[in-house]
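As structure tokens, here come the structures.
Both complexes below contain chain A, partnered by chain B and then by chain C.
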Partner chain A sequence: MKKNKKQALETAVHGLFLLLGLITVGCVLLITVYLIISGIPAIWKIGLINFLFGKTWESTANPPSFGILPFILTSVYGMAGAIVLGVPVGFLTAVFLSKVAPPKIKATVQAAVGLLAGIPSVVYGLVGMLVLVPGIRAVFHIPDGSGLLAAIVVLAIMILPSIVNVSITALEAVPKEYEDASLALGATPVETYFRVSVPAAKSGIAAAVVLGVGRAIGEAMAVMMVAGNAVNMPSLFQSVRFLTTAVASEMSYSGGLQRQALFSIALVLFLFIMLINAALNFFLKRRGEE
Partner chain B sequence: MKHQISGRRKAYCLLMKILMVAAVVFTCGVTLFIIGYVLINGLPHITWELLSTKPSYLNDKIGILPDILNTVYIILATLIVVIPLGAGAAIYLNEYAKNKKIVAVIEYAAETLSGIPSIIYGLVGMLFFCQFLGFQTSLLAGALTLTMMSLPTVMRTTQESLKTVPQSYREGAFGLGAGKWRVIRTVVLPGCLDGVLTGCILSVGRILGESAALLFTAGLAHTVNGFFEGMFSSGATLTVALYVYAKERGEFEVAFAIGAILMILTLAINLLAMAVGRYFKKRSSL
Partner chain C sequence: MKKLLTLALAAVLAVSALAGCRASQKGGTVSTDGSTSMEEVIGALSEAFMEKNDGVNVTYNPTGSGSGIQAVSEGRCDIGLSSRALKDEEKQSGLTETKLALDGIAVIVNPANGVSDLTLEQIAGIYTGEIKNWKDVGGNDAEIVVIGREAGSGTRDGFESITKTEGDCKYRQELTSTGDVITTVSSNPDAIGYASLSAVSDKIKALKVGGVAPSETTVKDGSYVIQRPFMLITKEGKELSAAAQAFFDFCLSDDAAQYLSGAGVVSVK
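Here is the complex of A and B:
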């Protein structure tokens, strides 16, 4: 009798933990299902081609038009710009920290990078609004400094920590023998780092870049504060709206088809992120195999 | 013996060295600049009056007491929910799961969750917690949204610390006739405390900095409430308040003051996380 009771308890506890374990799966399903259910109707009404490739977004006009090509292109350009600026800096910092820097400097710089990762995005936005935007206005002599360029610079700085940290992990996993062999053959240390260690760690570094892409495309608040938020096709000095900021800026006062269209934008953003996640997994797995 | 290195190779090495140092200087410089800029502009505006009052349109004064309280409430509420969920999931993965497929699915789900941008959490939180479950725009809805967001973090850190609990402890307890649940309660749980703690610190950092997920779930109100009353009413956290004051009202002094407070808290959390990590590392190496 007592044994049965004990067994029942064990089974119950096992079931409870299984349930807790499945909650993450539940969250992912919840998010996916909700985005699909709420995102599909507007796409259906507007038409997929009109929605994705329409060049005008006039959600409050009569008749309204819902084309999100400007948002998609802005997000892609903004992400690409952030990668072009952020990856070299992050990558070189990572090589320096993992291979060259003495332990004390390494610890200090890593602490700084940790801080950079912890700064809330609204603080990035605030500093961007008050330093970067006026700076761009003064340097390029344009009436308003807020726009794609400001957003790119802010994003580039925001993705630095992810790129540095993931690249360091990858570079430190390179077997010491590779480097020793290269040094013994007469290569200088710097040549060894860039021609032996970096190629050996390329999957990990690719993962770092993809992670940066994900961060850049998903950032909303900092971008909202510096990008100006007018609907324009992307150009460096013009006010632009990203996929994320399109959702955030109209959500509070939207209704009807406009609101549904905002959910559709979120669905598009979600699909981008899922693609990026798949790429990230691919690179991480390949690193595991190497 | 004389080293023969061509001029081109020398130039390459020198260039790469210069570039690396420049990158490091840039990274550190940007970090210092942002921290310094916010602190210098914000600290002078942090007054007792700002910290201890609520905003009043009558006197045209701004106080951030409600935002501070809301932040504390939302952190507490999120942690209360996320710790059992995250630690439980980690225990399941590490102690119970034998089916490799389930483990792979759960881990993939956790990775996916940590990659989803906060604005999407905000939207789904609004649709599910505020509308479907009928919580309206409230701190509770915000806290539940943040729970989904910080779940992977707590799960990962707990899992990592569970892996450091020696297998022999478990075997010893089983050998003495303890059931699985008893082993988990008495041997495994105490061993994963450090992971749970690290997860909490990281989550607090993330919650402090979060704004996009809270904008539509927890709302923008600035009223002083008690904990339980507050859970069911709308309220802005510090980050959301910063956004509103900077972007929508142009009150940059208040925004900087909040920014400075957030920076100090971020610094403190980073130091705390490092200290906790070092403490447990030292203890486990003994």
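Here is the complex of A and C:
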């Protein structure tokens, strides 16, 4: 009797968990289906080639043109720039924290990194707008500091926490025996970190980079406040518009084909992020097998 | 303490939700349709009106002035909203306009900028990229940084239609809020931007246009030219429903003036 009751409870809990799991899956499916349904019509009307490779975006002109190549390239360049700036800093910070730093410093820096992760993106944008943009303007003697460079710097800082945290986890998972063996063979500590620990943790570090890429390509708010948002082909000091900001800046007043085209941009962005997630899964899986 | 506050807030929300239900159940709907620029104005007015008149629901469909005028002439809404005066042929088709308010758009620069007076032609020239340097309009030798709003914004639409630069503006930055425009202009001595008159603060300098400084008075007497009317459009000879008539009268009443200025426009009263 008691056993039956216990079993019923067990089944009920299982059912509950299954239901909760299905909610998550359902959300993803809903968003995917919705994006595809609302994103396809505009691409159909504009033409895939014109849409993806068109160089002019004049959504409210008459007749309008909807070419998103500037957005795609800006997003790719911005992401690449953020990785080039952010990965070395984040990676070396992780090596320092997990291998070299005394416990007290490690705790302080890790707390700071955690805090960095918790800052809302609008705050990054505001600080960028008030400090970074005038700063770039003064340093490079250009009329206006907003543009791709400002966006890259903001993004690089924003992706630091995920790179540092995931890299630390990967580095700390390296068996201590590897390092001991290397040291015992006469290698210096620094040689050991870079020749033994880092290669052993490489798939985890790769996952950290991919995670950073995902965050950089999906960020809208902070970028919108420092990038200038005029539609130009990407160039370091030019005002540029990202895929994310293209959707965010025009959505509120849009209508008709313009609105549909914004959904199409979101669909393109979604595909980008799916691709990045697939890459992440690939790296994580490889780490699991190692 | 925090818990209590949350509870209180939840209670307030629940009550207001219920109140909302009751209002819509009683019926009495006023439908408005038109100018996206008038969103804030109509929002403020309808909120105040619905608070005073339990049971009436005011809806707003932001489709643009042209579509709003079309909608009222086809009887698809009670009151059309237009941020321009009616054209002659629209008047002949039996529509009447009633001026609700005036929307003044200030052209702003950094307080450090030596220029304080431009003509409408100079402003248009700057925005279309014909004038690229402040020295051409009497300022320092520095490149002009043109700041504007995103495509579809009511302020941009208003500014471009008054300066006749629609679609030709060469923006350096397209920002998505008045606040962003003001922050950017206040931090760049070579920037020029535009913002609703009500948003002008001492962080930035509002330019005189053709010698006239923007203010409520100069907008009202028409001497400040970067302004446009907000119109309520109705159909001649077609009686409004009781609720719609009440809302129409409320919009033009003295009471409404405070909501109009709260929404950043100049009341015609």
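Annotations
Convention: the second predicted complex is superposed on the first by the 273 of 290 C-alpha atoms of A that agree within 3 Å, B and C clash if a C-alpha of one lies under 4 Å from a C-alpha of the other, contacts with A are read in each partner's own complex, and residues count from 1 in each chain.
Everything that follows uses one rule, which is that contacts are C-beta pairs under 8 Å (C-beta built on N, C-alpha and C of every residue); 3 or more make two chains touch, one makes a residue touch a chain.
All figures in this text were calculated on a predicted structure; none of them were measured in a lab.
Look at A:180: by the touch rule set out above, it reaches neither chain B nor chain C. Look at A:143: by the touch rule set out above, it reaches chain C but stays clear of chain B.
Look at A:129: by the touch rule set out above, it reaches both chain B and chain C. Once the two complexes are overlaid on the shared chain, A:188 sits against chain B while remaining clear of chain C.
By the touch criterion defined above, A:266 lies against chain B but remains apart from chain C after alignment on the C-alpha atoms of chain A.
Using the contact criterion defined above for the overlaid structures, shared-chain residue A:30 touches chain B, although it does not reach chain C.
By the document's definition of touching, of the two partners only chain C reaches A:60; chain B does not. With both complexes superposed, B is the one of chain B and chain C in contact with more chain A residues. Shared interface residues of chain A (contacting chain B in one complex, chain C in the other): 129-130, 224-225, 248, 252.
By the touch rule above, chain B contacts chain A in their complex via residues 5, 9, 12-13, 16-17, 19-24, 26-28, 30-32, 34-35, 37-38, 84-85, 88-89, 91-93, 95-97, 102, 105-106, 108-113, 115-124, 126-128, 148, 151-152, 155, 179-181, 184, 205, 208-212, 215-216, 239-240, 242-243, 246-247, 252, 255-256, 259, 262-263, 266-267, 269-270, 274. Within the complex formed with chain A, the chain C residues making contact are 36, 62-64, 142-145, 150-154, 167, 171-176, 180, 183-184, 187-188, 190-191. Looking at the complex, you find that chain A touches chain C at residues 58-62, 129-130, 133-134, 137, 143-146, 224-225, 228-230, 239, 241, 248-250, 252-255, 258. Across the complex, chain A meets chain B through its residues 6, 9-10, 13-14, 16-18, 20-25, 27-28, 30-31, 34-35, 38, 88-93, 95-97, 100-101, 109, 111-116, 118-127, 129-131, 157, 160, 164, 188, 190-191, 193-194, 214, 217-221, 224-225, 244, 247-248, 251-252, 263, 266, 269-270, 273-274, 276-277, 280-281.
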